[in-house]
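Just so it is clear, A, B and C label the chains in written order, and each chain counts residues from 1 on its own.
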Amino acid sequence: MIVLFTDFGLAGPYTGQVKAVLHRTAPGVPVIDLFADLPPGKPRPAAYLLAAYGVWFPPGTVVLAVVDPGVGGTRAPLMVEADGRWYVGPDNGLFELVMRRADRARSWEIAWRPETMSASFHGRDLFAPVAGRLACGDMPAGLARSSEGGRYPDWPDDLAEIAYIDRYGNAMTGLRAALLPHSARLAVAGRMLARARTFSDAAEGEAFWYENSNGLAEIAVNAGRADIVLGLTVGTPVSVLKAAG
Amino acid sequence: MIVLFTDFGLAGPYTGQVKAVLHRTAPGVPVIDLFADLPPGKPRPAAYLLAAYGVWFPPGTVVLAVVDPGVGGTRAPLMVEADGRWYVGPDNGLFELVMRRADRARSWEIAWRPETMSASFHGRDLFAPVAGRLACGDMPAGLARSSEGGRYPDWPDDLAEIAYIDRYGNAMTGLRAALLPHSARLAVAGRMLARARTFSDAAEGEAFWYENSNGLAEIAVNAGRADIVLGLTVGTPVSVLKAAG
Amino acid sequence: MIVLFTDFGLAGPYTGQVKAVLHRTAPGVPVIDLFADLPPGKPRPAAYLLAAYGVWFPPGTVVLAVVDPGVGGTRAPLMVEADGRWYVGPDNGLFELVMRRADRARSWEIAWRPETMSASFHGRDLFAPVAGRLACGDMPAGLARSSEGGRYPDWPDDLAEIAYIDRYGNAMTGLRAALLPHSARLAVAGRMLARARTFSDAAEGEAFWYENSNGLAEIAVNAGRADIVLGLTVGTPVSVLKAAG
């Protein structure tokens, strides 16, 4: 299975062309759109989402991950293998948390190049053919990197910010809920939010946080849009308040 | 064929995870996105759309229908068989009109549970595996319900409201056009609209109603957006004015 | 391969129904969403996008192209064969540039009709079955047209307007970059823009134009949205300023 994790959008021309390349490179391999609406050009929040959502897929999955504001510049193209899953995309921090949390991770700078490559769409011209070949068990030429190479040591283990706002207005943070005390409250946009198990445990119109279905702390309002009610946007800082012992 | 009828959106993480589950449960069965942008959290208008659009698909189709504001609460999960089509989703009225209009309908409360189930994403964890199994001809464990059980008798046979606004700004009602007199006018947002056969029969900029391609009365403006021109939104009431005889 | 090029949107009911028909007519043939968010009801800019993006696909591809404000009226339904690719859709100029630029093009008015056809959704009822049959090598009945018939001679060879705005706010023109002098500047919305190779060659916040990955001149802002920064919309005129020799 090939999983797409991008900021390309589905309706415009980018995801379609990527899928056409995948279909020709890896015929018959199913392609799943995981995220196509990542915050455009922001690899840092995307890295925390990738670490939370990528591991939901079974080993053997190839994740084509492209949030690439530096396309055409000097950032390297990468292949990463982490706990049996493959990740393909730009070296801009997108794979930092996947690698940091994996039991075992290796990475290669992609040395293979297509015959023709546009300056602005490496997702189609470089990363998709590589992902397709990996899905077929055929690893393109690459230069192994030391396990410490290219990492972003200053990025935190969990991101205390809003990383994504979904169609319902729910705001995902980059915090793993399992690492927070059960009674922790989240402070965001001047409000203090208690934990709930799920939507139906909160009163209508009430804001709360909960562990979402992929393990992230997420801020929501029962029967409302948290982004509008609380004034949240990608990048809004969140802080964790641990209850007095 | 498995048909998705949800308020999940396509670009975010929800539809993709559902499709990954369907692919593993029912490999090779085509999955069609019918609606992914149903009005979020509103099963009532969705029920009228489902009754109009579900029957367009051939018998044997499995419809995974999830508009589920009560996820994690006490509403039951359902399997419905109506005139040879299967429907899987929450018991919140979503299947009321499908069942009411069917020649023959049966329903079961789903008794099967997955090993692990999130509190907030039953679409992925419960409904998708059930839909996948049904598409393979394997019915999960369920408790048959009496034909009257769990119905919503106070919901009207047709919904005299705007139920959905499409990408062009056309506004679908929950009214079956075939049940309206040919000369009926629709009153909506202070305007009185006559029937047209299709867009090209109306003058440019003119508002009208017509029978859409799935049999619903739909309000449109030729070369314009009816939602903006008339000020329509999901829930705006509509009334039918029958011409004097 | 069948490629969809429409203004239908992906999330609403239109693309899904078209795909269901394609699946039944041409089982196993992959269907790619190229554009689903073309400017609604505007075949003219779409014609320049189709000419730029259609040729990226290999010969043998069938493109189902529907931007059809005149549905239900008198415009004819067309099949076009141009340099080995097939195009199916309404005769409203959408195929004008594909045919004009092709080495060899033929067109037929589709004579075949389905048993039942809605007045408003020929994409599903007429064009999709025809595209599916063509993808299977089975040409429906049609009336050959003279090579000059039905053309739009007053449409320019390149469109000096914004034809599409993508998810990043980049604004594609209908101008082929390869036909512009390398030092050409584009004047748009009161601004004069120089050419850059790609995003990373421009300073942050700087507006520029570049040859996009399908050969069109595209206006962008590094790390910003050109549509908002420059005030661009579909239809905004662009003019080419050739540097003094």
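Throughout what follows, a residue touches a chain if its C-beta (ideal position, glycine included) is under 8 Å from a C-beta of that chain, and two chains touch if they have at least 3 such contacts.
Please read these numbers as outputs of a predicted model, since none were measured by experiment.
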Copies subunit A and subunit B touch via same or different residues, half shared test: different
Rotation, 0 to 180 degrees and nearest 5, that superposes subunit B on copy subunit C via CA atoms: 120
Centroid distance [mean C-alpha coordinates] between subunit B and subunit A, Å: 31
For subunit C, residues that touch 2 or more chains besides their own: 9-10, 37
Contact set on subunit B toward subunit A in their complex: 7-17, 19-20, 23, 37, 40-41, 69-74, 118-121, 124-125
Residues of subunit B that touch subunit C when the two form their complex: 1, 3-4, 9-10, 30, 32-37, 53, 56-57, 164, 166-168, 197-201, 210-214, 223
